[in-house]
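Worksheet: the structure to be examined is printed underneath.
Chain nomenclature is as follows: A, B, C and D, assigned in order of appearance, with residue numbering initiated at 1 for each chain independently.
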Amino acid sequence: MVDTRVNLKGLSLRNPVLTASGTFGYGEEFADFVDFSKIGGIIVKGTTIHHREGNPYPRMAETPSGMLNAVGLQNKGAAYFAEKIYPRIADMDTNVLVNVSGSTIEDYVACAEIIQSLDKIPAIELNVSCPNVKQGGMAFGVTTDGISKVVEAVRKVYHKHLMVKLSPNVTSIADIAKAAEASGADSVSLINTLMGMAIDAEKRRPKLSTVTGGLSGACVKPVALRMVWQVSKAVQIPIIGLGGISSATDAIEFLLAGASAIEIGTANFIDPAISQKVAAGIEAYCERHGIASVRELTGALITD
Amino acid sequence: MVDTRVNLKGLSLRNPVLTASGTFGYGEEFADFVDFSKIGGIIVKGTTIHHREGNPYPRMAETPSGMLNAVGLQNKGAAYFAEKIYPRIADMDTNVLVNVSGSTIEDYVACAEIIQSLDKIPAIELNVSCPNVKQGGMAFGVTTDGISKVVEAVRKVYHKHLMVKLSPNVTSIADIAKAAEASGADSVSLINTLMGMAIDAEKRRPKLSTVTGGLSGACVKPVALRMVWQVSKAVQIPIIGLGGISSATDAIEFLLAGASAIEIGTANFIDPAISQKVAAGIEAYCERHGIASVRELTGALITD
Amino acid sequence: MDLRLIDKQLWSRSVLLKLRAQEEECLPEIFPGQFVQVRVDGSPTTYLRRPISVYYVDQAKQELWLLVQMVGDGTRTLSETAIGALINVMLPLGRPFSMPENPAAKLMLIGGGVGIAPLLYLGKVLKDNGFQPQFLLGARKASDLTQLDLYEEFGEVYVTTEDGSLGEKGFVTQHSVLANQPDMIYCCGPKPMMMAVARYAKEHDVFCELSLENTMACGLGACLCCVEDTKEGHQCVCQEGPVFNLNQLKW
Amino acid sequence: MDLRLIDKQLWSRSVLLKLRAQEEECLPEIFPGQFVQVRVDGSPTTYLRRPISVYYVDQAKQELWLLVQMVGDGTRTLSETAIGALINVMLPLGRPFSMPENPAAKLMLIGGGVGIAPLLYLGKVLKDNGFQPQFLLGARKASDLTQLDLYEEFGEVYVTTEDGSLGEKGFVTQHSVLANQPDMIYCCGPKPMMMAVARYAKEHDVFCELSLENTMACGLGACLCCVEDTKEGHQCVCQEGPVFNLNQLKW
């Protein structure tokens, strides 16, 4: 009998498998495929203080072993979420986390406060990869100063588990993670999408309306794994690893590299039941290897 | 009749196709597969002032649509190259460029001077992704200061075409490219490999002896294309694009994004004749689209 | 679910895949206009599923037919699936065409290219429910229009081809049958063709439903990639569609 | 070059692929111990070619046989190639086994697991050249040793299995035939088995060539990924090898 539970600084999960924001809707879309009681939690869509229509179509391009997206945080705003969506999903038999985004620090704070008022949401994941409109559109999360400011501001008002989702489009993700930790983050999740681009050579046009977009899927796994490894050497707070995880084996690699839990993203599009399968697969791996608790895997990479 | 010639600040190529350093040996290895007179040039292995044995085995791990390597610049040193290898390849019917690497600025300078003395080498490609041993192992190419120092020092002694190969493991590749340009680079090539990692979950060990390594192949193409696009908005000097190019269509995407020429890397391992096929394919594309000169494609992406 | 490929038929640009539920399983109820998400095995360049509209369903035989246009490696690989192999599909997805209320309504099912596929099953269900569908099918040339005999089982078939090799020469919107105005139009095809049909429907104030084909990732309304900019904002073609009423669209 | 798959034979953990040159083409001369780089089509998780040792060559029939161990998606996909399909191979690659100078030399070809593959063709060529090769082949169990009858055509075959289901129980280095010391050993197999053979060869001061199987990318000596740390520094197994003399190695 494997103990699959993990505890992320007060956030208890029955197993280390979460679904990544933006790839699992509000969970309801996957109800036919996943038994929510078999996964650690879901992280719902990026939510902003105000309604956002997102970017124009086309928003997606398939790439080798991956995809680019440029959805642009389409959502109906935090108040709509709290009133209309939350009541439908609050009693789901798993942890429901909300991914919080913004264009200004004030927006992040206001959004986090609304989500905090929802009893059954035990944590938020702060998306710091959004462009800061007051800083010429550079993402908050690509400088230590930018991430410190937004994490500190949210930390002041948000008293549950604060997970900060890191951008991989940086020179030193370890420095960024340390800044998030110092500013009060309870955990860091990584990696968000790598910035990429796709072109239609025949039409001589970008494939995305926004020219560039976020790359995800199996193709980014080596980069994600490396960053989890680097961050695990730099911070004490728990790490939630994501980036191309498509199987239990992938998930175990992230745990070994230093993650305490993992998120499944793009793979949900290919196999909508994958999150449950990965959770079962992690347990089977532990059984096969005689590992009593999944927590023993975290950082257990042998590098002598 | 398509004019396929390109001129990179004094470096004339019969067509925009080069082979990337470290993926084409010294050319000789591919003599059975490629008619060198059909490609723009080859860039031979990373060469350092001293002989290097490189990293221990294992050095390679296959990844989704790509591979990681940790060769570690194995080579017999610049003097050996000049005496033993250069005479064998100097008369190859294409441009032969040498990729120059180092661990200190002095090493780069000394190596560049030796290569400069070789009449038939019209250009070097400076690999600034190497760790700077005097700066705690951080790569020269990840800070504007680091790249400026090494490019300036080499520029002083090297008077032929100086191409600088940029690392993608940075927050703003545009800033790095601008620093290279300001320091005297004649062109920039990008991207070098993305830092990644692979783990054997069963053995709980890294797949590479060095834990992390460089990711290349089709998986990185979206990131490479985005960076070429960003750099093309930032500098005036020619850009040589690389990163996952496996077909003429891929190559044309890089030209449209702003590259004047391209390099073929990992794809040489899968199809050793690919460089010649890509050159022919670019010409065919131009013919089909009624494009008189391949130079018209550079930066011709329509983004209205 | 995994369906077994029991038969296939290849044309130059499309392939008909006949799938059957495995013995212990049953096809769910499937409505005309819905689609399936097919997993493609064995194509190194295909990462995501491929959305394919439902061509025909025979619940008695537990058969689902897909007419797949070969546009890239993914669909080509799908076309090479061996008879007897299993194909993984998510189904049924999306909102179907609506059924008419007036049993005497003059119904015109207008399709272009591979967009004619969902109209076959729509025609069957309409006829089964006592309506009299008519088909107006367009293509570039005669050989692009496959299996017209199947359509003829369910209603009259009018044809246009751009080269005049079959039916009237020109586009569907130029066909003489449209002089006699239908009450309801159901439409699927390439976007320029659907835009032309939409213009006709607007001009003549005809009820019109269109099936859109935006590029999709998840097919479940989760990723928000396939949105259409409707009068009510961005809506997922996979979930709010693929069938939209013309007056929902900004066309 | 593209070779046609004309026949295959499947076992639980390996597959024999019989390839033939197309009519207008000829196989180049291929020496025992050389390998080919096979492109794998249709495996989304396989990016690079797969190096496979040459199992047998019949120049008269223009046939090349590969015995492929199924270890992952790439080799499994290769095993599923349809008879009649073309398979792209780069060949011949690497340095072969050396030929003995003394026609009376006592030659022992020692193989383990799928490492027995290159020894079949080596045995044939040795016999064709008037030598008398003997084979000592080891595996975990009898069913892992396929086609022993082919080896018997070229020389005596001694067998060990770990479970004793065929031949002597134990490892190859424990086989009684080795009490009678050979003059030359040619060896291929899993690394621990080769290390054990190397120890035997050193102790008894026997000429020994070993074929290494380091992970490769290019197969041409260009990428420097498959290096072995030899007495002369890092050398490419694909180019300086795969066959090394024991005294080149640091083992």
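Miscellaneous remarks
One rule holds for everything that comes next: a residue touches a chain if its C-beta (ideal position, glycine included) is under 8 Å from a C-beta of that chain, and two chains touch if they have at least 3 such contacts.
These figures come from a predicted structure and were not determined experimentally.
Put simply, the chain farthest from chain A by mean CA position is D.
Taking each chain's centre as the average of its CA atoms, chain B and chain D sit 36 Å apart. Centroids of chain B and chain C (each the mean of its C-alpha atoms) stand 47 Å apart. Chain C and chain D have CA centres that are 54 Å apart. Rounded to a whole number, the gap between the C-alpha centres of chain A and chain B is 34 angstrom.
Each of the following residues of chain D touches two or more other chains: 44, 46-47. In chain A, 63-66, 217-218 are the positions where the chain touches two or more neighbouring chains simultaneously. Viewed as a contact network, the protein chains form a single closed ring in which every chain touches exactly two others. By the contact rule set out at the top, the touching chain pairs are A-B, A-C, B-D, C-D.
The touching residues of chain B, counted against chain D in their complex, run 22-25, 29-30, 53-54, 56-67, 69, 71, 74, 217-218, 266, 268-272. For chain D in complex with chain C, the residues that touch the partner chain are 41-44, 46-47, 77.
Of all residues in chain C, those touching chain A in their complex are 39, 44-49, 90, 214-229, 233-234, 239.
Taken in their complex, chain B has these residues touching chain A: 63-66, 68, 142-143, 169-171, 194-199, 201, 203-206, 211-212, 215, 217-223, 225-226, 229, 244, 249, 252-253, 256-257, 285, 300-303.
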